[in-house]
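So, here come the structures, one by one.
Both complexes shown next keep chain A, but they swap its partner, so chain B is in the first and chain C is in the second.
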Partner chain A sequence: MDSDEDFLSTVSSDDDIMLDDSENDDMSNGDEFDDAFDEDPDDEPELGLQKQKTPVAYDVGYKVYSPGDIQKQQEEMMNEVNMILEMSKEDAAILLRHFRWNKERLIEDFMDNSDKVVEAAGIVTSVANPPKLEAIDGFMCDICCDDDEGLQSFAMKCGHRYCVNCYRHYLTQKIREEGEAARIQCPAEGCSRIIDARSLDLLVTPELSGRYQELLNRTYVEDKDTLKWCPAPDCENAVECGIKKKELDKVVPTVACACGYRFCFGCILSDHQPAPCELVKRWLKKCADDSETANWISANTKECPKCNSTIEKNGGCNHMTCRKCKHEFCWMCMGLWSEHGTSWYNCNRFEEKSGTDARDAQAKSRVSLERYLHYYNRYANHEQSARLDKDMYTKTEKKMVQLQSASGMSWIEVQYLNSASQALQTCRQTLKWTYAFAFYLARNNLTEIFEDNQKDLELAVENLSEMFEKPISELADSKLKVDIMDKTSYCNKRRLILLQDTAENLANGMSFKL
Partner chain B sequence: MASAKRITKELQECETSPPEGMTIAYSESNIHVWTITLQGPPGTVYAGGVFTLTLTLPTEYPFKAPSVVFNTRLYHPNVTNDNAGNICLSLLKPENWKPASRIKGVLEAVRQLLVEPQPDDALEARIADEYKNNRAEFDKNAKSYVQRYAKAGGNGGGGSGASTEGTK
Partner chain C sequence: MSSLGTKRLGKELAKVSKSLPPGITLVKADDLQEWLLDIQVLDQNPIYAGETYRLKFRFGKQYPIEPPEVVFTKQENRPIPMHPHIYSNGIICLDLLGSSGWSPVQNVESVCMSIQSMLTGNTKNHRPEGDADFVSTNKARPKDIEFYYHDNEV
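What follows is the complex of A and B.
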């Protein structure tokens, strides 16, 4: 477990606005700096959940909601509106969705001009009676033009009546194909009456109505800026965070879902602390862009003048023989080597004239490329390791089982391996992004501190990684166990120091070369 | 099939009381494709022109919207200035189409578009701009297109415009 989950309970308010500015100010306050070290997160992975902790600079307040919580929140708001404005729960739901769950605005506007609100939201007021299917004599469905006797039909309070089959087909299409839920209108042209949940239940299969409910939940989350779905596959939770878009250059709002997935609330990518969203976007684009590869090729290679194969010169001699077509040529002037017997002097002179310029240009391009490759290689290396960490997690579980039988240790006693694995994963993720961060970092007196922190964290991670991969027989040794536990907590501490430092600098307006 | 009944009924309606300025033709073998001949509405720059349109009904009709294209080229902010002749009609967008909407309404909306172009919802931004800011030039161009492509004898089709007044 990593420390950030301890913050699950930092924000407890159910209100729309979770963090006011004063709270945010607290976060960038350096006073809490020491708090990060007072606690060793790995000693109490799960118990920490209930505990309140002062926020530190790199952390934002957030809260995780299960699908049940989301449903409950909606129901609470519906009940409230239902009580205050004295309307049915269905109508309250439609109004709330119409106002994108801004309860205060809904109540205010409703008090102001209820007719206008009701009409805009697509509710037609009339006597409340439950929706029901009816067979009406002489009825013809305007959609399919069927007029069979006893044809079951349905109409909402707007009175537009269609046969059950058409209604069902229409709703199925809207829900299944178009993913629509909160704003499905009456099938009549120009009628903006919204279908309510009770009518829908009457018309469609329970399976579809489940899907409808799911979509409704989704619009609730999507309508609110402070809520976002956890992007992990199969995870149904949503996370609430009060971070504002304009703050994203100063804060990296990493949140951890209850499912364990850590992601950035700003851009929904997986955790990229310490690098801010904008920088991450640029870096990913740069890496995805083939131009960097092309640059490298143009700086380091030439084409064979005969067969156009790309050749990298890796030896000192200018006498080149193409591996592919056996063409012999001079790397300097690209002319035939056979002619050099007599005209060697020409090639030499070419170098005297424009060779210096060409060399300078190539050297310059090479320096910038080497700089990029330096950071990219380290970034990619940690990324790969992070991918391997997924396998490592399953391996860890196996190891823990083996270790229990080999050493007679209990499940609790082997948890330290799990902690170590978690720490490795989280630290690698952070390390990976420190390289993208460093690539853009403008050099100043703070850079050195950052690089020292980076070096320390990397060293600690590599040490732990090495210990962690020891065979079972050695892992059972209690001295190694203590070592691993020490290293684990050291890694976590190093990570927090680095994040704390970068977060403070970010908040103070760090300069990047973009 | 439910849609066949509905389409037949709509065809009958359109034959007995066709939308203003239009005639409708279809083949018995495929009632999902209609060919519409539209007279340029009098009093507009399109007056005197004859335009053909193709209306295609998807198999899911009426749950999915029909599609309409101009076969005759015309100079209009809401119709693509090419041989495809796509029309921007908000009524036909999936989020606006209702199963109870009628083809007649669609055709009337197309004609209305000729009477009153919607430059703020344009497919051809340049033409829309001209319509808003240089109406004289727009009228001239639109009329020249009518001369070139939409004269009854001229068989409305795509590339037969061997006109001398090159307005591009």
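What follows is the complex of A and C.
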């Protein structure tokens, strides 16, 4: 396994340009596929391929694929390789998986040295005989030591033969317990022959081959850098996006799955526009670990010079006595108290350089803590509000039903509450991350524009939020309805303005204090 | 125990009771769940000279599809060998004992020989990094520990 990866990574770094080409090719294949797919009448439209152009700076192009699409793509690729290289579909599949679905690399390497490729991928080319079970006289299975007459056994091209029962056990173990699929090797020690799909079908129950197929599908998505699973629970879709890792400091590639979940393609966390992945990572780490507690400790405590216990000064007097070791020292200069002689309770070494340094460090640490807390409180507030929005959504649905019966409005007429709720959720999510973003932002004239945008959006959101929580009797008022609709679209607009603005600045190289 | 393992272990037992490679002796195999074997390092490796070590094999329901659990056990005259891949509680970090490195064709004898040769070739007289931490905090069974096989030189 390790050597596979090494092998692939070294080659791909050599062939960067070629790889880029191949990715473009992949995309165009997807397009052809898109067309073919759209003509399919059985296709469910919401699971079909969605293509988005990139009209605005904060938006990246992406497509959503259903499990069926993913299966189809794999088959297309297998068929193509099977045609070009004249090999069985099973072998083509193994080779493609070995090359992590880089078809061009596979074909090129295969043309170059087919024996080497075939050997490395763990297959043999001649497929004159389809896999079959056999009973061989005098055979004893090396796994279970069974040697009954007529024992059904199986061997791949490598010739390592085991009884059907053991093979079945082995594959069940690998598939069910270890979640392996694409790279299950022959049970023999040191044999790297990969078990192909046709042999597998012969050996295992249909139930297990279903699971196997599922796992194979997963490796397809996991192997391709341009594909990622939608992380929403129970969602089986995958999203394709051509964003490169090195672009992530300039673009925040938010994608929306067909299931409605919005997430960042770069780091798979839920949508964190406008903050780039790296900032998000830092921010979350900062919030999670004790670095700020540590900051507080350094701002407010010192260690006993003798036993190193951490001491918080709780009174005005500089004469400290360590509770633990009874060491007496001066809080200001950390020197022995006994040496202070006559200047009791007043350290005359106060103005020494080390003293001022210590004070500066403390003051600085305190300012940094206050700054962090300023942003953190606002971030956390929006995060909590976003959590409350989840409850709010169910409340909204109830409200909409109530409103329908109270005012005689139709279903479609109360949808504005749903849109308002959606807008609030999305905007709060964005606002939340603007605070993490602002924490790292280096101060310059762009900062002010950013802060103005942030303020405008926040104001709009709070206004809408207030209107939204009015009692049913007031919500039925048609003037308020119009107000809510206006505010909803205003919120959405403010959000897009903020995203557009930050995305442009980000692309132009915004500076951060990290 | 499944019929799968019974027949196989029966055969293995018959074989190891009769003959084993030099330096490996069967101590106890009263049932088909837990066996004890002693191993010695035969060449003059100064780290292991004159010592005998005790290995404990435990066979799960899925043996030989799944690897057995193999650890060194400490007793009087049976220390835990010093090795950068053997923790002081007897747990061995060896890829062939994990599900990814195991092959059902391996057996008790071949495992013993692998461990024997792992000791023979070793020149580093120390425990794995983080041994104290691992030994005091680990509660998982050896097969559930996610070892990171970081170097294959030792």
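The working rule: the second predicted complex is superposed on the first by the 383 of 514 C-alpha atoms of A that agree within 3 Å, B and C clash if a C-alpha of one lies under 4 Å from a C-alpha of the other, contacts with A are read in each partner's own complex, and residues count from 1 in each chain.
Just so we're on the same page, a residue touches a chain if its C-beta (ideal position, glycine included) is under 8 Å from a C-beta of that chain, and two chains touch if they have at least 3 such contacts.
Keep in mind it's a predicted model, so treat the numbers as computed, not measured.
Clashing of chain B with chain C is the outcome of superposition onto chain A.
Once the two complexes are laid over each other on the shared chain, residue contacts for A:412 go to neither chain B nor chain C. In the overlay built on the shared chain, the residue A:288 is in contact with neither chain B nor chain C.
By the touch criterion defined above, A:189 lies against chain B and chain C together after alignment on the C-alpha atoms of chain A. By the touch criterion defined above, A:514 reaches neither chain B nor chain C. Within the superposed three-chain model, A:173 lies in touch with chain B and with chain C [touch as defined at top].
Touching of chain A by both chain B and chain C, each in its own complex, is seen for residues 142-146, 162, 165-166, 169-170, 173, 178, 187-190.
Across the complex, chain A meets chain B through its residues 142-146, 160, 162, 165-166, 169-170, 173, 178, 185-191. For chain A in complex with chain C, the touching residues are 1, 142-146, 162, 165-166, 169-170, 173, 177-178, 187-190.
Interface residues of chain B facing chain A in the complex, by the touch rule stated above, are 2-3, 5-6, 9, 60, 62-63, 94-95, 98-102, 105. Put simply, chain C touches chain A in their complex at residues 4-5, 7-8, 10-12, 62, 64-66, 99-100, 103-106, 110.
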